[in-house]
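One chain, chain A, appears in both complexes that follow, with chain B as partner in the first and chain C in the second.
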Partner chain A sequence: MRKNVGLKIGIFLLLKGLRMLTLLVAICLISFLLIKNSPIDPIQAYIGADMLKVGPEQREKIAEYWGLNEPVMVQFLNWGSALLQGDLGNSMTYRRPVADIIGERFLNSLVLMLTAWILSGMIGFIMGVVSAMKKDTWIDRMIKWYCYTLASTPTFWMGLLMLIVFAVWLGWFPIGLGVPAGVLAEDVTIADRIEHLVLPAITLSIIGVANVALHTRQKLIDVLSSDYVLFARARGERGFTLFWRHGLRNVALPAITLQFAAFSELFGGAVLAEQVFSYPGLGQATVEAGLRGDVPLLLGLVIFSTFFVFAGNLIADLIYYIVDPRTRESRML
Partner chain B sequence: MIPSLKVKNKEQKMKLFSLNRRQRTLLTILFFAIFLITVVIVGAVLDKDLIATNLIERNLAPSLDHLFGTDWLGRDMFTRTIMGLSLSIGVGMIGAVGSTLIALTLGMAAATMGKVADRVISWLIDLFLSVPHLVTLILIAFALGGGFKGIVMGLMLTHWPSLARVIRAEVMQIRSAEYVQISQQMGKSRWWIAIHHILPHLTPQVLIGFMLLFPHVILHEAAVTFIGLGLSPHEPAIGIILSESMKYLSAGMWWLAFFPGFCLLIIVQAFDRIGENLRLLIDPTKSNN
Partner chain C sequence: MPILEVENLSISFNQYTTGLKQKNIQVISSLNVTLEEGEILAVVGASGSGKSLLAHAILGILPDNATISGTIKYNGEVLTNSQQASLRGKEIALIPQSTNYLDPLMRVGNQVRTSVRTGDATLAQRAVFKRLHLKQNVEKMFPFQLSGGMARRTLLSTAIVSDAKVIIADEPTPGLDPVVIKEALSNFREFADNGCAVMLITHDIESALTIADKIAVFYAGTTVEVAPVENFTGDGEGLRHPYSKALWRALPQNEFIPIPGSQPHPSALPSGCLFAPRCIKATAACSQQQPEMRELRNGMVRCIHAT
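Entry: the complex of A and B
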C-alpha cells in the first residue's frame, strides 16, 4: 500500500515535469522571438548616452560580438544550447553573468517575499477564521470590507502611502534601498537590512491578506454549517475549542495550498513594491532589464520567474495529493 | 416557528427602503454606471489648458481652488487625476473587450472543436498562467517598444486565461444538454449549434466576466505605466502621476500621491461593484441567497 502511494507520486511528478518542460521550451521560444522583434535596438540601448562617441564600425563589432547578425533561429539555438549547459549569458548593462545577478538579487527578494508570504498567510488565515466564527457581526463586516477594498488597491500606491506615513512623516524607517546609502558593503549590519525590509514587507503583506482571508472565511462557514459541527455544538462545544477540534484541519489545508498557488501574484507584487522602495531585488532587476533593453537578463528573469511560479503550483498540488486522501482517489492530471 | 419570525423581520426591514432586492441591485448598478460615465465624459471634455504649466502656483497644498493641490509645474492635480482616470477607463475598456473576445473564442473552440483543440487550448492557458502576469506584461510591452500599443496588446493578451477556463467549462456543460444532442441528431452543423444554442447561454457569463476583468486590467495598466514601460510620460495617466510624485514625497508633498491613487481605488471599486451586482442579478445560482 505504502509503496503504491510512492509510485503514484513518482508518476504524478514525472507527468508534471514533462508538462513543465513543454511549457518552458515554449516560453523560451516565445519570449525570445518577442524580444527579438522589439523595436528597442539592443545596441542603441547599450550605448545610451555615448551615442556620438561610437562609430558605425564599432556598432558592427558589438553586433558581431553578440551574434546579432545571424538569423534569429540560429541565435535562438545558440542561446538555447548555452542555456542547457546552465549558461544564461552575460547581462549587457551589468557586464556580469546573468546567473550571478539573478542569484544575488533572488537572495534579497527571497527574504522580502518570504516575510510577506508568511505574514500575509498567518494574518489572513486568522482574519478569515475570526470573520467566519463571528459571522454577520460588526467584526465580520469590517474584515470583509477591508478585504474587498484591498483587492482593488494598487500595490504601488499602498507602498507610496507607507512611505509617506512611516518614512516621511514619522521618520521611523529609511525611505528606500536595501542598505543604507554611503556605507561600505562590509559595514552593513543585519539590523540595517531588516530596517530596510520592514516597509516593503508590510506593504506586500497588507495587500496579500485579502485572498487568504476571504477564502478561509468561505471554507470555514461551509464547515460550520455541516452536520458534525451541529452535533459538536449539541454536545456543548463552542468558541475556540470547537474551531480547534473540528475547523482548523479542514480549513488550514486549503489556505496553505492557496498561499503556495499565489506565488505568481507574490512575484508581481514584489516587482511593484521593490520599484517603489528601490529595493534591490529581482523585481527591480526585471524592470531595469525591460527599460534598458538588457535582453539576456530579461530572458533569464522570465525563465526564473516561471520556475518560481511552477514550484509554488507543484508544492500546492503535492500537498493536496499527499495530505488529503480524497484527491488521491480519482486524480486526473 | 422562530425561522419564520426572522424572515418577517427581514421583510419589514426591507420595506423601510420600499424596494425589493432586485430593484436595489439595479439601482446600485445604475448609480455606479452613471458615476463612471460622468468621470469619462468630464475627463474628455476638460480643457487641456487647466494642466498647462503655471509656475506661479507651484507645489500648493489642497485648497478650494485646487482640490487636490498642484504639482511642481503648477498643474492642477484634480484636472490631471480626472483626465488620467478617463484615460485609464478607456485603456481598460479596450483591454477588457480584447481579452473577453479572446477568451470567448478560445473557450468556445476548446469545447466544440474536438479533443486536439481542447488540449492545445488548455496548454495555452497553462502557458499564460505559468509566468507571473506582470512579467508577461513587461515582456510584451518591451517587445512592442512600450507606449500605447504595447500596453493595450499586453493587457489583451494576459487577461483572458481565467475567463477562457470559465467559458470552456460552461460550454462543456451546455454541449451535453439534451436539446443540443437532439439538434445534433437532426443534422445541424457544429457552427449552427455553436451560434444558435451555445452562444446565447454564454451571454450572462461573458458579461459578468467582462465587468470583473475591468478592475484587473485598470490596475495592471496603472502598474505597468508606473514602472515606466506603459503610456508615454506626456499622457496624464495615473501611473505616470504616481511615479512622478515619488521624487517629491520626501519633500512632504503627500497630495501628489494620495488623491490620484485614492481616485483610482474608487474607480476600480465601482467596476467591481457593478460586476458583483450584475452577477447577483443574472446568475441564477446566486440570485437566491
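Entry: the complex of A and C
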C-alpha cells in the first residue's frame, strides 16, 4: 500500500516533468521569436553608444561572428544548446553572467515575495473565514468592500500611496532601494534590510489579501450550506466547534492550493512593486532588461519565472494529491 | 402524553422573484403531528410535499429565509429556538438520507464519535459498529469509500450513540437493496421497542407499513390524515381522507389506478381544501376554507366529508 503510493507519486512527478519540459521548450521558442522580431537590434544593444564609430563592414563581421546571418531556427538551436549546457549568456547591461544576476536578484525577491506571500495568505484566509461565518453582517460587508476595492487597485498605485504616507509624510521607513544608500556593503545590517523590506512587502500583502479572502469566503459559504454541515448542526454542533471540525478541514485545502497557484500573480505584483520602491529584485531586473534591450537577461528571466510559476502550480497539485484523501486513497491522476 | 407535538405548523420562504420583488412561498401549512414514546410514526407523501422540511423545523435548522409559525412541544413544553439548539443531537437525533451528509474529509469513525454525549467516545463507536456489523476498519474510512449500505449504517450509528429519545429518519430507504432496507427498518423497530419515539419520513409506503404504528399522510405541505397502520388494508375502506384512499389504490400491488392531476405547487395553493381540485367528493363548501384536523374513528382527518 505505502509502496504503491510512492510509485504513484513518482509517476505523477515524471508526467509533470514531461509537461514542464514541453512548456519550457514552447516558452523558449516563443520568447526567442518575439525578441527576434522585436525592434531590438542585438548589435546595437551590445555596442550601445559606440554605434556611430562602427561601420557597416564591422557590423557585418560582428553579425557573422555571432551567427546572426544564419536562419532563425539555426540561431534558436545554437542558443538552445548553449542553454542546455547551463550557459545563459552574459548580460549586456551588467556585463556579468545572466545566471549570477538572476541568482543574486532572486534572493532579494525571495525574501520580499515570501514575506508578502505568507502575510497575505494568512490574513486573507482569516478575513475570508470571518466574513463567511458572519455572512451579511456589517463585518462581512466591510471585508467585502475592502477586498473589492483592493482587487481593483493597481499595485504600483498602492506602492506610491504607501511611499507618500509612510516614507514621505511620516518618515517611518526609507524611500526605496534594498539597502541604505552610501553605506558599504559589508556594513549593511539585517535590520537595515528589514527596514527596506517592510513597505514593499506590506504593499504586496495588502493587494494579495483580496484574492484569498474572497475565495475563502465563497468556499466556506458553500461548505456551510452543504448537507454535511446541516447534519452537523442537527447533531448540536455550532459556532467555533462547527467551523473547527468541518469548516476549516474543507476550506483549508482549496485556500492553500490557491495560494500556491497565485505564485504568478505574486511575481507580476513584485515587478511593479519593486519598480516603485527601486527594490533590487527580479522584478526590477526584468523591467530594466526589457527597457534596455538586454536580450540574454530577459530570456533568462523568462525561463526562470516559468520555472518559478510552474513550481508553484506543481506544489499546489502535489498538496491536493497527497493531502486530499479522495485523491490519495482512490484514484490515480 | 406525547413526547413531541407539532401544532398548526406553517413554514414559508421568502424568495426574490424578478428584480427586487419578494414572494412568500408557503411550503407547509397548518400541520399537526404527534409522536409517542415507543411508537413509530411514518410520514408518507409524494416528493415535494414538505416532509423533509418538517424534520428540519423540529430540529430548528431551517435556512434563515424561512418563517415559521405554530408551536412545537417537547415533553409538553413549547420549544424555543435556544431549547431546540440544546436538544439537537442530545434528545432529538436526525438520520439523514445519504453519504452527502457526512463530512467528505473526516474519517467516519471520528464523525460517529462526535455524536457521543457521555463516556468513552471510541468505545461507544466501536460497540455500535460491531452491533451494526460494520468491520473495525470501516472507522478509518472516508465517506467516499463506503457502500450505500455501509453509509446507511454509519448514519444510523450516529443516532444510536447519541442516546436520543426522538429519532427522525429522513428517507432512509431509497436506493438500497431489499435486504438492507429490511435491516434498517428492523433497527427502527428496535429503537421504538427500547422506548424511543421514531418519526420515519418516507415515500415508500410499502416499507413503512411493515413497521410503523401510525401513518401520517402528507399532501401539499400538510397532513390530511393520521391513521393507525391497520387501516391500510383491502381497498382502503378503513381510511378517512379521499387522498389517502387514492394513494392506497394507486399502489402497484393494489388496484394501480392513479387519479388525474398532480399536487399543487407551493406558490399556487388553492384557497380551500388543498385536495379539493382533484377530489371526487368535492363540493362548494370545500373551496371556502381549509378544513380543520378532526378526530374520527381513532384517527385524525382533515376533510368535511369524511365518515
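Following the convention adopted for this analysis, the second predicted complex is superposed on the first by the 290 of 333 C-alpha atoms of A that agree within 3 Å, B and C clash if a C-alpha of one lies under 4 Å from a C-alpha of the other, contacts with A are read in each partner's own complex, and residues count from 1 in each chain.
Keep in mind that, in the parts below, a contact is a pair of C-beta atoms (placed from the backbone, for glycine too) under 8 Å apart; a residue touches a chain by one contact, two chains touch by 3 or more.
Given the structure is predicted, the values throughout are model-derived calculations rather than measurements.
Q: For A:Phe156, select first, second, both or neither according to whether it touches chain B, chain C, the two together, or no partner.
A: The first partner, chain B, only.
Q: With the two complexes superposed on chain A, say which partner A:Ile139 touches: chain B (first), chain C (second), both, or neither.
A: Neither chain B nor chain C is touched by A:Ile139.
Q: For A:Arg249, select first, second, both or neither according to whether it touches chain B, chain C, the two together, or no partner.
A: So A:Arg249 only meets chain C here.
Q: Using the superposition on chain A described above, determine whether A:Leu291 touches chain B (first), chain C (second), both, or neither.
A: first
Q: When the two structures are overlaid on chain A, which partner does A:Leu110 contact: first (chain B), second (chain C), both, or neither?
A: So A:Leu110 meets neither chain B nor chain C here.
Q: If we overlay the two complexes on their shared chain A, which of chain B and chain C does A:Gly268 touch? Say first, second, both or neither.
A: Once the two structures are laid over each other on A, A:Gly268 reaches chain B alone.
Q: By residue count, is chain A touched more by chain B or by chain C?
A: B
Q: In the complex, go through chain B and note every residue touching chain A.
A: Contacts found on chain B: 123, 126-127, 129-135, 138-146, 215, 219, 222-223, 226-229, 242, 245-246, 249-250, 252, 254, 257-258, 261-262, 264-265, 268-269, 272.
Q: Under the definition above, what is the set of chain C residues touching chain A in their complex?
A: 56, 59, 61, 63, 85-86, 88-90, 93-94, 96, 98, 100-106, 114-115, 142, 144-145, 158, 162
Q: Please give the residue numbers of chain A that touch chain B in the complex, ascending.
A: Residues in contact with chain B: 19, 22-23, 26-27, 30-31, 34-35, 37-40, 148-149, 151-157, 160-161, 163-164, 167-169, 175, 264-265, 267-268, 271-272, 275-276, 286-287, 290-291, 293, 298, 301-302, 305-306, 308-310, 313.
Q: Given the complex with chain C, which residues does chain A contribute to the contact?
A: Checking each residue of chain A against chain C gives 225-228, 230-238, 245-246, 249-250, 253, 324-326, 329-330.
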